[in-house]
Amino acid sequence: MSPSSSTAPAPAAAPVAQKPATMAQALNQALRDALVADPAVHVLGEDVGTLGGVFRITDGLARDFGDDRCTDTPLAEAGILGTAVGMAMYGLRPVVEMQFDAFAYPSFEQLVSHVSRMRNRTRGALPLPITIRIPYGGGIGGVEHHSDSSEAYYLHTPGLHVVTPATVEDAYGLLRASIASDDPVVFLEPKRLYWSKADWSPQEPREVPPIGRAVVRRSGRSATLITYGPSLPVCLEAAEAAKEEGWDLGVVDLRSLVPFDEETVAAVVRGTGRAVVVHESAGFGGAGAEIAARITERCFHHLQAPVLRVAGFDIPYPPPMLERHHLPGVDRILDAVGRLQWEEG
Amino acid sequence: MSPSSSTAPAPAAAPVAQKPATMAQALNQALRDALVADPAVHVLGEDVGTLGGVFRITDGLARDFGDDRCTDTPLAEAGILGTAVGMAMYGLRPVVEMQFDAFAYPSFEQLVSHVSRMRNRTRGALPLPITIRIPYGGGIGGVEHHSDSSEAYYLHTPGLHVVTPATVEDAYGLLRASIASDDPVVFLEPKRLYWSKADWSPQEPREVPPIGRAVVRRSGRSATLITYGPSLPVCLEAAEAAKEEGWDLGVVDLRSLVPFDEETVAAVVRGTGRAVVVHESAGFGGAGAEIAARITERCFHHLQAPVLRVAGFDIPYPPPMLERHHLPGVDRILDAVGRLQWEEG
Amino acid sequence: MTVLDTPAWRPRTEAGPLLPDAAPFRLLGTPEAARLAPALLTELYGQLVRGRRFNRQATALTKQGRLAVYPSSTGQEACEIAAALALGPRDWLFPSYRDTLAVVARGVDPVEALTLLRGDWHTGYDPRETRVAPLSTPLATQLPHAVGLAHAARLSGDDVAALAMVGDGGTSEGDFHEALNFAAVWQAPVVFLVQNNGFAISVPLAKQSAAPSFAHKAVGYGMPGRLVDGNDAAAVHQVLTEAVDRARAGRGPTLVEAVTYRIDAHTNADDATRYRDDDEVAAWRAHDPVDLMERELTGRGLLDDALRQRTADEAEALAAALRERMHDEPRLDPMELFAHVYAEPTQQLRDQEAMLRAELEAEQQS
Amino acid sequence: MTVLDTPAWRPRTEAGPLLPDAAPFRLLGTPEAARLAPALLTELYGQLVRGRRFNRQATALTKQGRLAVYPSSTGQEACEIAAALALGPRDWLFPSYRDTLAVVARGVDPVEALTLLRGDWHTGYDPRETRVAPLSTPLATQLPHAVGLAHAARLSGDDVAALAMVGDGGTSEGDFHEALNFAAVWQAPVVFLVQNNGFAISVPLAKQSAAPSFAHKAVGYGMPGRLVDGNDAAAVHQVLTEAVDRARAGRGPTLVEAVTYRIDAHTNADDATRYRDDDEVAAWRAHDPVDLMERELTGRGLLDDALRQRTADEAEALAAALRERMHDEPRLDPMELFAHVYAEPTQQLRDQEAMLRAELEAEQQS
């Protein structure tokens, strides 16, 4: 590697992503734009350099910004996150890639005992602006350890932001916002949406959404589906299919689990009086538990039925051949909607 | 260390714990009795040998059973749990001690990716009967990293049992049951109850409760407090104090978070129509979220008010001087009970 | 005279050379090879040829969708085979995710060994029965397992050794370090085999380690380190056999680095041309483990056309059987998803099981 | 000629001796000590005496409930002092939980340095301003931080080195391994100081490591390892200064093992008689860092009664100031619990803040 970043080639100015773009391209563009915008931004992880990452999210970054701005590390996740802490202490803004969800676990101690607490421990003197990108979730036919949904571990850890985009546009905007944040962000990328496309291009930049604002993707009067990340397209599909049953379903995309935008969610649920939370991680102790419990606390007297959850089973993530039975699908969501005690409404 | 366990002295038969006994003594006795009952049981961890552990739970075990049955390991938690996996693969029943809650984090990958999944991955051929003892929670004036409540991480991980005693008698019975279980058990010891005493002695062994059964510690007609581990005494105290307010509060001690005894809890809550979940870990995404969400799903039409939660703040565990503000106390529990919309009842 | 001059502060032995050899140990093509038993050489040869064919067949099966993914060990067959053959029947093998070949060479049914890679959810074989741990995907995590098992055997007075395999990349993980340290402190009967194949996916050795060799890491744990030509099946076999014998004799663990090369891409899904030159691959093809063995056998007059043909036929038969047996998709019962999470399913799992059963019945009816 | 004979497969240098010295390096009491500047020796002496007094005072404060806990470094003052003095003003120190003394010797206000141990919730000092990382309780976790910071400085063309401290027990953690490996691969300007004080709480060295020395671990990372008498302040200072200079010159990391002894119990809450003999403690008392320095100064005629008295007075003044300033309990504002979790508190934290505020107001009224 070159001894100093001054030897790195001048950053490529031209955007790479073309309309329509995939989520993978939007993420790549966000990293490029962040690297151009701020010399403190450094990307590091396993295979992020020459290879461009196993999902090609960092494609071309080492070529265009030099090895020092986009660095292949030794194979050790605690080491990656631990050195990122040190880099952030110095004043850099590391963007770390964990290769797969389950391979972030070795860095758990660094995450919980340091990343999440350094600002607090130093009374604000040492914030750690680290973005930890983790491809997560299933639906890609991955073998063991390649499809975990680990958001519940992170959202229960005070001091971390937990962000997860569900659209191409949000992937760009939320990643830019995460890198710009002075707080550590666990940025969960729904890997099965990497190849989803949208009519989006970096040439027409749109407002970067602030972290912590949910968005109503579809409004509906009968009931509300509350979801995030990989389950958003499924919920939209379910809402479409529900029309046949005579249900007008709204869909809220949380976009970040921490901060959790309880104002937006509570307002929508108050309007419908019925809600189903949908996510693919194991249901027991999952994000849906917090969402359901909190919404119930806030909206109890507006509820016609309990807030239900449609989630993955409480089992280790199943093999490719069985994952369709595990993942929340349209039918299971509609079944849950059907159980919302309509007769009493 | 001696080359083979055959050189170990004959196990001490005489119980050590005398009436009244502390929880620490009951745990020590449980380990002793397990070591006597089954030669496959091995205790390992940092300082568990000569020192008897920093909380003295393994006091005298190395002396009485030999270094090979109670082993001081090198200082590396992933190594401790990882070697315990191998020992269990061979056919032993390792009982691992993590010195403090936060120091279990380095072993997180071994726990999630192996301990919790080995049985499933091998279609039942390779169960891992490992007990992982973790002193947890606050209230002892510990400095940073010595008071974490980490149960939410474990209960969301399919394949693990999560057990936590709140009484001296349960400490003995549940630890024996955990060691006897063919499944891995995360055994959370409420460290501030280590010195709590009860009129219990191993000379009068009582039935070992099966893992997975909640117990009604106090019945009451107005509302139900649902709790576990370190918060049980606080809830009992609150229930006592509530009498002054004219409330007759019941208290359920879960004893295990996985399996979660939803039958018992739902039955009790159906009876009162009002419930508050109490625990000291951060509320957001904590065990209380699952309990509240699940009970609401099951008992919605019996509820007079939303299931409320009284939990620790969503902050890193505070320092000794401020922990009383963080921990759920009697007043905060009574406040929550007060918010249970009595007028509408 | 201070306390530092007493043996008390440094109670550990320093007998024997601390550093491993600077050059990898070789046998094939050297005068030493003359003393190798013909039966061993022909056995290794047969295994190498079958192993190579197995790798090719398994890769082909990924193209046909019969395997979800296959990390080939082509070019590394000598390590795979030697690891399996160095073990006695009661010893344990702890493979990493790339080591299907070692598992098969150890005697596990090939279809069982491929179960996980096939998209099924379990190891296929019974680890206790076969004395082969599950192929480990989280890198280096299997190393402490091997130490624990070996330690448990030793505590039980049981004459069992463990051999654990890891890649050059895997040595960077904390688990590697913790495993070696526990093994050395406990004097556990375990052998660590680092297959240094030059890459961790796309990351070359120079970005992984600055050590003179991985064998040199042994020094820091107080165990012997051996460096061996990983394409020389006889050399790897000898070094591993010695290390296993040493372990079994109660003399503690050994770290072995086998220098080899990954000829194929990381897996069938990888494009290795993105990060390495053909020249490098060509240079290693000229030092091929099968060729090296063929040359040795030919030189000693042990390889005639008949043996060559019979070996090739055996390899083809193996491949054909694999194709045949892997032709049908495995039929997985979704209801079994709940069966092995715990000894007894929890109430929650029983509820989920009931829900899925109802869904499946509804599916069948429609 | 095979690919193994080309330099390609082993691109790393092997220049210089690979192994550290077998015996710890010493200066005090040796002829070499003659060339040490008197000013350095008297500076080290003053620091040692003040450091010892500081340890004693801090331990006393635990008895009075003024500190929640104190892990004393009595017996290890030479390492603590030398670590602080080896650094330039812009370098960074990464202490472990036992290293309050090094932090104070580096110039941090003692009361600030004791903030966490006092039962307060933050580091007290500003790490960026003082260039001292928070005292790290989770063992070895601070080592990768030091590597990352040093690497970042180097990438920025900034002439900064980092020195990270860890105990013998801490070397067993995976983070130790990962940090050393990253440092060596990145050639980061960082120095690792292992204070081998014989124990990790109750666990003696022999149960922690089987290596000839911790300095030998350097071999496996491709960095120099140095072994030094940790009670010889001049020797530790020299070895660390050389290592820091080497790092600053772009020549990469160094691993230093300082052999020393923990004279006090693990912390004030520990009873060391449960696991070690008085004889051992006595043997190490005969090799005391303060005594060693006094003898050297006396031998060179640098220590007269006046200096001795002045030094003792300074130490007493320091202790008195500490007692005085630590007399009052710190007043912590519970409302600040919510202030630094994030740059901006979340809605949930604001709600919790409001609840606590209401409670506190109610408390005050009642």
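Order of writing sets the labels: A, B, C and D. Residues in every chain begin at 1.
Definition applied: contacts are C-beta pairs under 8 Å (C-beta built on N, C-alpha and C of every residue); 3 or more make two chains touch, one makes a residue touch a chain.
Not measured: the values here are computed from a predicted model.
**Student:** Have a look at A-D versus A-C and report the one with more C-beta pairs in contact.
**Tutor:** A-D
**Student:** So, comparing C-alpha centroids, which chain is the farthest one from chain B?
**Tutor:** The chain lying farthest from chain B is C.
**Student:** Compute the distance, rounded to whole Å, between the mean C-alpha positions of chain A and chain B.
**Tutor:** Chain centres of chain A and chain B, defined by C-alpha means, are spaced 32 Å apart.
**Student:** Once you find the CA centre of chain B and the CA centre of chain D, what distance in Å lies between them?
**Tutor:** Here chain B and chain D have centroids separated by 36 Å.
**Student:** Based only on mean CA positions, could you tell me how far chain A sits from chain D in angstrom?
**Tutor:** Centres of chain A and chain D (C-alpha means) sit 39 Å apart.
**Student:** Two or more other chains in contact with one residue: find those residues in chain C.
**Tutor:** 116, 121, 138, 172-175, 178, 181, 185, 207-209, 341, 346, 348
**Student:** Spell out, as numbers or ranges, the residues of chain B touching 2 or more other chains.
**Tutor:** In chain B, residues 73-74, 76, 78-79, 102, 105-106, 109, 113, 120-121, 144-145, 158-159, 258, 260, 284, 313-316 touch at least two other chains, as defined above.
**Student:** In the complex formed with chain B, which residues of chain A make contact?
**Tutor:** Those residues of chain A that touch chain B are 78, 102, 105-106, 108-109, 112-113, 116-117, 120-121, 144-145, 152-153, 155-156, 158-159, 258, 260, 281-282, 284-290, 292-294, 296-297, 300, 303, 305-309, 313-316.
**Student:** Which of the residues in chain D end up touching chain B in this complex?
**Tutor:** 68-69, 116-117, 119-121, 137-139, 169-170, 172-175, 200-203, 207-209, 274-275, 329-330, 332, 334, 337-338, 341, 346, 348-349, 352, 356, 359
**Student:** Spell out the part of chain B that touches chain C in their complex, as residue ranges.
**Tutor:** By the definition above, chain B touches chain C via 1, 3-6, 42, 68, 73-74, 76, 78-79, 81-92, 94, 106, 109-110, 113-114, 118-127, 158-159, 161, 181-183, 212, 258-263.
**Student:** What does chain C use to touch chain B in their complex?
**Tutor:** 116, 121-123, 126-129, 133-134, 138, 141, 143-157, 162, 174-175, 178-179, 181-182, 185-186, 250, 336, 339-343, 346-348
**Student:** Which residues of chain B touch chain D in the complex?
**Tutor:** That would be residues 46-47, 49-52, 54, 72-79, 102-103, 105-106, 141-146, 284, 313-316, 318-322, 325-326, 331-332 of chain B.
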